[in-house]
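Data first, discussion second: the structure below is written as structure tokens.
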Amino acid sequence: MGLVNHVFSEDSLKKLYVSNLGIGHTRYSTSGVSVLDNCQPFVVETLHGKIAVAHNGELTNAPRLRRKLMRHGVGLSTSSDSELITQLLAFTPPLEQDDSPDWVARIKNLMNETPTSYSLLIMHKDIIYAVRDPYGNRPLCIGCLVPVGDINSKGKRNAETEGWVVSSESCSFLSIGAEYYREVMPGEIVKISRYDVQTLDIVPRPAGDPSAFCIFEYVYFARPDSIFEGQMVYSVRRRCGQQLAIEAPVEADLVSTVPESATPAALGYAQKCGLPYIEVLCKNRYVGRTFIQPNMRLRQLGVAKKFGVLSDNFKGKRIVLIDDSIVRGNTVSPIIKLLRESGAKEVHIRVASPPIKFPCYMGINIPTKEELIANKPEFHNLASHIGADSVVYLSVEGLVSSVQESIKARQDNENNLKTNKFRTGKIGHCIACLVGKYPVELEW
Amino acid sequence: MGLVNHVFSEDSLKKLYVSNLGIGHTRYSTSGVSVLDNCQPFVVETLHGKIAVAHNGELTNAPRLRRKLMRHGVGLSTSSDSELITQLLAFTPPLEQDDSPDWVARIKNLMNETPTSYSLLIMHKDIIYAVRDPYGNRPLCIGCLVPVGDINSKGKRNAETEGWVVSSESCSFLSIGAEYYREVMPGEIVKISRYDVQTLDIVPRPAGDPSAFCIFEYVYFARPDSIFEGQMVYSVRRRCGQQLAIEAPVEADLVSTVPESATPAALGYAQKCGLPYIEVLCKNRYVGRTFIQPNMRLRQLGVAKKFGVLSDNFKGKRIVLIDDSIVRGNTVSPIIKLLRESGAKEVHIRVASPPIKFPCYMGINIPTKEELIANKPEFHNLASHIGADSVVYLSVEGLVSSVQESIKARQDNENNLKTNKFRTGKIGHCIACLVGKYPVELEW
Amino acid sequence: MGLVNHVFSEDSLKKLYVSNLGIGHTRYSTSGVSVLDNCQPFVVETLHGKIAVAHNGELTNAPRLRRKLMRHGVGLSTSSDSELITQLLAFTPPLEQDDSPDWVARIKNLMNETPTSYSLLIMHKDIIYAVRDPYGNRPLCIGCLVPVGDINSKGKRNAETEGWVVSSESCSFLSIGAEYYREVMPGEIVKISRYDVQTLDIVPRPAGDPSAFCIFEYVYFARPDSIFEGQMVYSVRRRCGQQLAIEAPVEADLVSTVPESATPAALGYAQKCGLPYIEVLCKNRYVGRTFIQPNMRLRQLGVAKKFGVLSDNFKGKRIVLIDDSIVRGNTVSPIIKLLRESGAKEVHIRVASPPIKFPCYMGINIPTKEELIANKPEFHNLASHIGADSVVYLSVEGLVSSVQESIKARQDNENNLKTNKFRTGKIGHCIACLVGKYPVELEW
Amino acid sequence: MGLVNHVFSEDSLKKLYVSNLGIGHTRYSTSGVSVLDNCQPFVVETLHGKIAVAHNGELTNAPRLRRKLMRHGVGLSTSSDSELITQLLAFTPPLEQDDSPDWVARIKNLMNETPTSYSLLIMHKDIIYAVRDPYGNRPLCIGCLVPVGDINSKGKRNAETEGWVVSSESCSFLSIGAEYYREVMPGEIVKISRYDVQTLDIVPRPAGDPSAFCIFEYVYFARPDSIFEGQMVYSVRRRCGQQLAIEAPVEADLVSTVPESATPAALGYAQKCGLPYIEVLCKNRYVGRTFIQPNMRLRQLGVAKKFGVLSDNFKGKRIVLIDDSIVRGNTVSPIIKLLRESGAKEVHIRVASPPIKFPCYMGINIPTKEELIANKPEFHNLASHIGADSVVYLSVEGLVSSVQESIKARQDNENNLKTNKFRTGKIGHCIACLVGKYPVELEW
């Protein structure tokens, strides 16, 4: 429980060097509280040996599945979906004729019980199964480990490959000397063994349902150098900035960023509208990221300590300040105040994503509906509420097109070439937090 | 995991002050390893709410029960019998007609599944069930809490009673201002609520089977001021010393003890044979108890640092040294050497219990058969092996009669008075580690 | 010992809330090792009560002063200059006629004993003395605390001021709701009490000696929003980039930065030469700053994990990559490799500071002469050694003029206005690590 | 800071294995508070290299010496006498003609500055000096380390000796395979090197002053197997019990002990008066020693949890309960209550030492005068105050004769044989806490 840096010390990792496969997990709390019991991977002994399960996501029908299991007499020792999934895998009525387990059948049964959202790693003996739900709501991708000794050289996906790694975000590969191989496809069950990486099956969505990868990963959550659906997150964010410049231009002296997640959008905005890009805030490197801190008080304190002001850069100037999102509205307001007090003549806020209005039930820790600024009365008067000269959000259509533009271009291309055997069905994205329409019905 | 002193700090206990009932647990490792996962109580959510289970003992048919549960599709997340018992309680086919759980039926089902050994506390909502297996192998007793403010005054078991406590050993009551009320009987299911302590049922043993309380509790494990079966452990140990003086007298100048567990037996021996009781060793108070340390190396080191030698007390004298047990033979040998080097003329060892020859499968952490001195070739030549002038163990019959003498006397008396409605069936004791005959058949 | 975030927890700070003044300290190891004993402030009891001393810097004649004290019979319990200074303050032959201590005389004696480098906070009873050495080598500045309740509003330096804070860098003021007041001048002794901030004395430099503020603070060490000598560090860095564009232009497609300390210089370079500023690397926010890690191995590991690559931004392009300094040459080489492997056509390195060639004996943890890339044979062939298409450093003159340009402009202005009563003598900067000439003679 | 068991872990000791000499220290707080700063040994660098000093005791003129040092300009960083002694050793005006230090002269100077109480270990390069103050108030003794491999065999004080150890109490030798060699004499300066153990000098007391070893070490503080002045502590305590039986007999059924420090006295009392020795209390092994806990609250809690009651041993009987001392009277009162409630017919308290009435200024942590039961009004009515049927203390004369009896016998014998070249002057003991007369005048 905690940040990777603190939890996985060199000493604790050293103990694992005897093994040649393993899974791990770290996350901020989504469903339920951050308690030790909910730590992953969840490990149980089954009739067919131990299985370990790591899970990213949140089941949209967890309460019903919990009741189902408990009605069958299984006591649940934690409140986590990870245990739920693990017990469902153990519990699945034995389809096997003989004593050898049919894990694929068990995994498919699980996927039939619950449509989304989950990216899973399931370890059993010397096999790891990598699974993504049919809607592809949470990310999951595969990298291949290049030979040590030259951790920066390009590895080949052949006999020289030293091993495989699976991760939510591809950005993690570089740090360990691995390179990006491909995504696990929506609904895909991949088997990873010492010898190969093999697609066992692809569980389809109901006919007509588009895929539903979380658009919030592009907007805020992922690291800019990660690759989803064939495109770099940074490029999407820059396109959002460009789109925003088209949708909401403003007469000003300079474009700047709320560092550092809004920087790609700010550079895109500046380039598109022809204004100089100049920094007005610097990050206080000694303070952690605000989003990851699980309680309100620390978040507030963090904001106050988060930035330094580069006042000489903007005294007497009109600023267009690009932010990646305004969720609660707590952060931007003191920033604007800081800038004005330090000499800014005007402060125009441009937000590189649409307002969040609805809760997420699929793994992202969005504030309650009441906390969201877009649901408050002051939203109708937002500029004056936060002290800005003007404030404009990116449109939902603008965001979706910024995200899907290059996917569609590539897809058209691939369709022409008939190269993509995996990516079946219509491409879509989960924009439930923006428009309130969820990819599947929620069950309680 | 660890000693009560270290684990249950004042701070950690303070958090519990909001509640009016609770269960806890501490033990040294018996089955499996000492890992955090095996910590108790084990808590699961069932269809009828959360239950928490604390367990002392070891199930003689655990492997079979584990397989049974796993065959039904329950994944087991730890190697502990405690989880096994908890899942068995959750799993029991619902006998209930309506939605309210019948915990007594579930507990009785559990007791029918496994004969021994277990003393259990099961907490569900505002009720605690205290359960002892039909053989009464592990201890469990009830105390009543007297009003605070005068923690040493005598409480009454009536309206003035402030609450109830349940414990393996009665010695714990004094420290918290409680007083001994009674034992939980073999097979008894006791319900403890805010209002009363009530016997719900008594599950009988198979006809003809005597009870089987662990005789090792009397010999070594329990604290001398604890009360089992109506008698103080200290008194049993002194009787063992007296019996040993009858069975194995020796011509010597003084009787002494390996402090401090053998002291009652040494005083009994000295009194019976008329020799002076004189101390030859003093305890190094800065070192902990040897038995509780889980690995061999620390045990060895502990022995070396455990005692001081009171050489002026025995220079040139013949010593009868009483030990409570010789298990591995590692401890007594360096002690004899120390005494001789410090001037003892003769050292005769008298052991106030019979040799341990067989493993325990019911909760006591006895060394493997190979480690037991009684199973080694040198046992036939023990005195010279350990460097003693002579060594004699108490006979099995001597031990059993020392233990049962006063129980039988009281039982005869009670039978005459017809007062004991609980204690049914023949009284016996588990002497499996001494003779190899277990109270029930072991299942794998 | 450690990062402020880890050392000064909320709990540890809470204990201080009873007081109304205090001093603290954190630093990375300069002289000697990072040991607990060298932690500051150093506190001793003297004849006149306790004094506490916090010290930033390193005495250029520490060995001689240590010997002097020890020759007088003072045992030194640590290897820190802080203890040395504290004992020198205690030891100073009592000049006082009566029993009341004359701390100003003692501080001036200390300053006569050692010319540089030190910024000091000395606490005695309800007074804090803030002292800067006559050369002003290490920074020290004063802020005033505005009323709580509105931590972002502008405070006034009058009756409404709630208190005073002193810090090495002004950037720390914003985080605690304080605002920048002024620098402590070279040689100045400032007395801070409940009632006011008062200059007690200004100890002059030898005639003709210019001041010698560490130029490395501007180049790398300070946070960009800090203010030294009336100018924002960020502005100096941007001027260095502009100067570098003049000194070393290059034909390329884009200008980029090694984030994030080189960003101001990169933006300055891009603006001056008219090339687009585009990001090629993103920071891995989960890894700390490399400079602060005290041993080589962790520094290397840190580099490997430090960056993500934004390959889509530069595939097939010619990059001018601005770095703030190349000290050992360990970091830039793998970065260039990464960029080439990810598709960069050319990589030209421009360094916004001159090469470091000499050790610092005044508080900055510069590697040994042998480790400095500028002193190695491969320096003559640096571009090919690090794998760059070209590499050019900023000239010493370019750096000095970038730093002094606006100071001189303002000084001229002030001289005309005769407003600056403090800043006496010639303004200079310590560039010893670049040219090998130290502001004072080093004594051993 | 803390118990040896916790502080000196195997890991922390392992780091020392590279060395062949060292000193360490552990103590409960006497003067001042238990703070990390006061931990020993105190290490300083002097003109002649580092010295490390470990100190047991408390200087009777510490305040004057602190002022003296501070007047000379030495700042003191802790409140400990250990630092004071170390700085005095460093500070001593250099008597040396050349550059080599004359540590003996420095130590003698120190001993002339302060008469008592101190036992010191001073380490400098490859020499350890063991020093005891002229009054011999605190203990210090030397052991020799026998060859490893046979840690229980008898070593010889010759070429085979592997090394030397110095300790306050001889009881520590056995645990590490060393054997007792001899005491450091009052006033003696012993030099311990790789080659030998050598008396450098013996600093005499003022003419007529007897030695003043702390009698409290015999009564309570030392471990019973330690040897002081040629006699085992246990034997002294038993003699105290015998003397008490003579001074204060009582008609009763049994003699018992407050375990475990009073047991030798109880056995001595029982033997002298012919009553049976029977245990009435057993120690709760899971709770630490009460004396060592530094604050009142924990001491109280400790008492309540300290004992178990062996009620079957004394129901309806008249008990003589021997305690080693009654200091505050907090402990004995609840014990008597416990015994009566558990069925004791009478409880007579006999205390194997005289009442403590005066504070100790020489290293023992005695409560303040106001806390001492002997100085309270209720002392005149003590039996009824503590709830006993009678209470009698040992007389001061009885204690002194129990302590000195065998010393005098041996001294007479040695004088006849002229073998004792060290033990000069009159033998006495510090009984200041009993009678208020201190061995030297106290200075403030």
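Read from first to last, the chains carry the letters A, B, C and D; within each, the first residue is number 1.
What we mean here is this: a residue touches a chain if its C-beta (ideal position, glycine included) is under 8 Å from a C-beta of that chain, and two chains touch if they have at least 3 such contacts.
Predicted, not measured: the structure shown is a model, and the values here were computed from it.
Shared contact partners of chain B and chain C are A, D. For chain B, the chain whose average C-alpha position is most distant is C. A separation of 53 Å divides the Cα centre of chain C from that of chain D. Mean C-alpha positions place chain A and chain D at a centre distance of 66 Å. Taking each chain's centre as the mean of its C-alpha atoms, chain A lies 38 Å from chain C. For chain A, the set of residues that touch two or more other chains is empty. A ring topology is adopted by the chain contact network, closed into one cycle in which each chain touches exactly two others. Checking each pair of chains for touch leaves A-B, A-C, B-D, C-D. Partner chain B is touched in their complex by these residues of chain D: 3-5, 151-154, 171, 174-175, 223-226, 231-232, 234-235, 260, 263-264, 267, 271, 276-279, 282-289, 304-305, 307-313, 334, 337-338, 341.
Residues of chain A touching chain B in their complex: 42-47, 51, 66-67, 70-77, 79, 83, 86-87, 89-94.
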